[in-house]
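Two complexes come next, and they have one chain in common, chain A, joined by chain B in the first and chain C in the second.
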Partner chain A sequence: MLMLSYLLATGITTGALYALVALGIVVVYKATGVVNLAHGELFMMGGFLAYTLHVMVKLPYVLSLLLAVAGSFALGILTDRVAFRPLMKEGLASVLLATIGISFLLKGIARVVWGGKGDFLAFPPLVSPEPIRIGNVMIMSQQLVVLLATLAVMLAFGVFFKTTRAGKFMQATASNPRAATLVGIHVSRVYMYTFGVGAAVAGASAVLMAPLTLLYPDIGFVLFIKGFAAAVLGGLTSVPGAIVGGLLVGIFEQLAAGFIGTTIQDVSAFIVIMFALIFLPTGILGTRGIRKI
Partner chain B sequence: MKSSRFVLNLTVATLIGGLVAVGHAEDGVTKDEIKIGAFGPLAGPVYMYGKLAMNGLEALFDKVNQEGGIYGRRLKLVREDDACKPEGGIAAVKKLIYDDKVFAINGGGCSNATLAAKPEIVKAGIPFVVNSAVADGISSPPSPNIFTTQLTATIESRAQLKYALEQKAKKIAIVAQHDAWGRSRYEPMMTALKEQLIKPVNDEEMTIDQNDGTVQALKLMQTGADAVLLIVYPKPAAVLIRDSLKLGYKPLWVGQTAIQDLPQLQEQVGIPGALEKFVSITTIPAHPDDPEMAEWRERIKKLFPNDALSVFNLMGIGSGMVVVEALKRAGPDLTREKFLKAMGTIKNFKTGMYPGPITCKPPVSNQCNQSVGWIRFGDGKPKSIGVTTLD
Partner chain C sequence: MRVVVSHRAFLVVLFAALALLPVVANQYTLFVGNLMMLYIILALGLNLLVGFAGQLAFANAAMYGIGAYGAALLQVRLGFSYWIAAPCGALLAMAVGTLLAFPALRLSGIYLALATLAFAQFTQWVLLHWNTVTFGAGGFPVPQPDFSALGMSPDRGIYYVSWVVTVVLLAFAWRVVRSRVGRAFVAMRDREMAAQALGVDLLRYKAVAFALSGFYAGTAGALYPAVLAYVSPEGFDLFQMILHKAMIVVGGMGSIVGSVIGASLLVYLLEVLRQFKATQEIVFGALLLAFVLFQPRGLVDFAKRCLPGWAEPLHYASDSESPADVTVADELVPGSGGGAPR
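Up next, the complex of A and B:
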């Protein structure tokens, strides 16, 4: 019973990591229809930016977090202006390829700038490094921070998409860019801000998660895969779906490792992606595109 | 007339003599220089095993040259980047042998790149002394022209088990990465366990990118493993130790050379006192801050002003010392054959860098370093706690 409690608790806390990554993927996909394959690298850049500001320059934690988020936002906008916007007219496949190119470019830059300072850089946690007891299980305080931040970001985006003009512009643009243009929405600007917001979410996630995941130039891809599995399972168009998907991937990973064997732990995300594509192509909370005639 | 014939004869004799001399001259050796090649990653995540080891070697060569060289010949280091990739290793070695025409190679930063380059090195017959790569296949079965001063994966795995048994561990567990690096250590470890008729109480897997080790820690706790042999990189090690401490589980952790930066590991785990029961193997027991390393700190600073002395520099220096010793023993009429013969005479050679003396035993074994040093974290820095020498 204790084992099961720990597996579920750990599944939820690691699932929250994946959910945060999935949130960024979903936000961009929801507005642009593009899966940003560079999302993991934007996450990694946000983490290194915060590391530079907080650990190397010694700025306070909160200021470093805010500057890292702002820097990630700017990086997201820059990638849109340099790579994505010029290719939007060429179709989604071209943009998708551009996101792969950006991911390699960012990884290369990180290796040059931050590589060689140790294999895996430690990032100080926001809260005490000592574990805390919840019920009959012990968890790391920073894991709770990530879990709470995930829920907060989900709520913020839920409100944003439901109640703000900008959120509705984003959804309208994703649904039908031509119609959105006809009603006066500046589509390319919406795309630009969406990539910026997606990158900002990645940056914030990185700062919160870095004490648990450590920082290194290759961290982005692995977390992207787990986050993508979560987004696909939850439904690529659903913000709450990203959270549900993330938690399910995390729990599945832990249960599989606990009851089948630790060998299966790393491949479980791929099993989830395959399962979702075959049996739940729109995900648990995703919606199938409806075209009215 | 007589004198002009004498001049002609002298000229012909000189030309023939010169041609004969050229025919016998070794690549990379002139009357005032010996070219030694090195290959390894010069950038990227594992640049330490290439660039930093080469920086150390360069510092050693600088010292030797200041002291008059080897029989008047200055040592010149020629560097090639292999990007830690098999294709890079082959290209780097071909360039060193056929374009740069070095006399010998002292390098090999990554196992996969060095293994890929091995056939070319064997074919060329060029002396090669490995300074960083650990794969057994590089130096075993022995090739007459390949020696290693680095610990190999098998030596480390056997030493890990020996240490746990010396500490009277009753229930031994393994946590390993099952990638190419991990398997090169995991398989010799399983063989060593089998030889000792020991069945590990756990055989768990972790990946290099794992962010949580709670499951592994729970399983280790369930079986009551009192010693855990870690065949993982620093990140999974840090995650596993962190999550074990979370559960209040504190076995003896036995690491290997991939986890020898203990101050960094302590930072990665992030919990004070996390490494109380952690020991690891080190190739270089000396700490760069030790007083006896003052000379090398200054030399590295002089040649590479942006660098501070690191264990990877010392790794290059230690291996280079063996090469320099063999060059001295080979005598003034340097040939590759004489150099290889001299390598075979290296017995109980103390570098002051490695945990034990260097002894090469060709043709039986060219794995010249059989001693592993053990370190523990205390007072904010690693402390040397002993040496295990394998038979």
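Up next, the complex of A and C:
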């Protein structure tokens, strides 16, 4: 029982982080129709930025978080400018190939700046590592903080999306880019912000995750593929779906790790993606697809 | 006098030079030449699948690994001779490649790309963790085939084997793209629906494209243990994926000669940057990005414009083919569940 509750608590915490990564993927996909394959590397850069600011420059945690999010936002906008805007008309393959190019470029830069393969940087914990007991459930206070912060990020994102002008522009563009242009929305600018917001959410999740795990240049792909699994499970176009998908991937992964073996964690994303594509091609909360010619 | 460099002459000169290389080269140059031929095979296979058939799949490195591990493990675990193990490894990769075609029929665009990427990661995981069969992360040494009957060292012997295999596969790819199959690939890539309406059996031709590409990657993989005398999971990781992609993009998507050019140049670059993994990532990432942005048809397009006599028919979609006002976002309206790659 104790083990199960521990696994569930860990699963929910990591799942919430996957949900944030998935959220960024879904927002960009909904608006632009492409998946930014450098999303994981934007996540990784956010984490390293926070590390530099918090551990090396010794800025307070909250300030480093905000600056890292701002940095990720800027990188996201750069991705749009470099890889999406000029290639939008060329089609999906060009955009995917260009974002892969960016992902390796960023990974290489991170390796040069923050150490080579096998260098894992530890991020100091936010609170004391003492576990808290809630009834029968043991939970690390660290996880609780991360979970609450994740919820806060999701809430902030929801408020931004529903209430602000920029958020409404994004919704309009996602639902019909041509009509959005007709009512005077500068669609390509919205695409730019969308890439920025997606990257900012990724950056925030990286900063939240850093104290729980370690930072290393190859972390981006691992998180990206799990975030994508979560997004596909949720239907790839649904924001609530991404959150549910993320939690399911996190819990599934922890249960599999606890009862089968820890190495299974590395392939949980593959298993989920294949399962989702074969049995739930439109996801849990996705809309039924209509294939356009 | 105008210098006439035809694409055929280029290939003949390149392969003649590769054939003569063992006469003058030291062991290291011979190794690089051999590696170049492996990557030419890989790039040819990937270009058939991505450049001609338009299936944006990312599992090439996995097929390469399956071919290499298949050939190496059959020798080490079951005591097969290399000459039996190698074709088995190539055929195994071809079989797995064909199986991948089945999800590919239902998936397109992003879903196909990410599903195959996840498959590549899964293969890497199996190579790393199925210790009882694959020897795990450290890899294992493989005996090189014996060429003493011909009075040659193993390195030299396998070099000539690679040369013959590369020339045969190059000629075969050359024929394939000019056949009914090649035309079906191009039709399928440019407009899947239109191709289907014209009688192109999508299931069949996607399966053929994946099988061919799996066979090419598997063959390169089967040569790998004989060339390096060692196999480890690291040789088939994500970096290989971007390397193969960069080769066909730099050389020219939808071009046979382009695959050869891209593979040759990038292997050379890879060797120059051998010491620094980070530099390799930066350079190859930047190359891929720069070519997609500024020279999307690769070096072969450049050659075609600048060299009279360079007349390889290039099978890329013409400019007028994609209406300028249709953007990715227009095509992929939310809820449409992915779109056809163009």
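The definition used in the following text is that the second predicted complex is superposed on the first by the 274 of 293 C-alpha atoms of A that agree within 3 Å, B and C clash if a C-alpha of one lies under 4 Å from a C-alpha of the other, contacts with A are read in each partner's own complex, and residues count from 1 in each chain.
Definition applied: a contact is a pair of C-beta atoms (placed from the backbone, for glycine too) under 8 Å apart; a residue touches a chain by one contact, two chains touch by 3 or more.
Note that the structure is predicted; figures quoted are calculated from it, not measured.
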Chain A contact check, chain B vs chain C, more residues touched by chain C
Is A:Thr237 touching anything from chain B or chain C once the two structures are fitted on A? First, second, both or neither.
second
For this session: Pick one for A:Gly33: touches chain B only (first), chain C only (second), both, or neither.
Result: second
- Message: One more residue to check, A:Ser205. First (chain B), second (chain C), both or neither?
- Response: neither
_Which superposed partner A:Met3 touches (first chain B, second chain C, both, neither)_ = first
Request  = Would you sort A:Thr263 into first (chain B), second (chain C), both or neither based on which partner it touches?
outcome  = both
- Could you look at A:Ala229 and tell me whether it touches chain B, chain C, both or neither (first, second, both, neither)? second
Ask   = In the superposed arrangement, does A:Leu105 touch chain B (first), chain C (second), both or neither?
value = second
When the two structures are overlaid on chain A, which partner does A:Pro86 contact: first (chain B), second (chain C), both, or neither?
-> second
Next item on the list: Using the superposition on chain A described above, determine whether A:Thr150 touches chain B (first), chain C (second), both, or neither.
Entry: neither
In chain A, both chain B and chain C touch residues 111-112, 116, 263, 266
Contacts from chain A onto chain C in the complex sit at residues 29-35, 82-83, 86-98, 100-109, 111-112, 116-117, 173-178, 187, 191, 221, 225, 228-229, 232, 236-237, 263, 266-267, 269-270, 273-274, 277-278, 281-282, 286-293
Note: in the complex, chain A contacts chain B through residues 3, 6-7, 10, 13-14, 17, 111-112, 115-116, 118-120, 122, 124-125, 129-131, 138-140, 211-214, 216-219, 222, 254, 257-258, 261-263, 265-266
Given the complex, residues on chain B that touch chain A span 43-45, 47-48, 178, 204-207, 209-212, 214-216, 218-219, 222, 233-235, 238, 242, 245-248, 261, 264, 267-268, 270-272
In their shared complex, chain A is touched by residues of chain C numbered 50, 54, 56, 103, 106-107, 109-111, 113-115, 117-119, 121-122, 125, 129, 193, 238-239, 242, 245-246, 249, 277-290, 292-293, 296, 322, 324, 326-339, 341-342
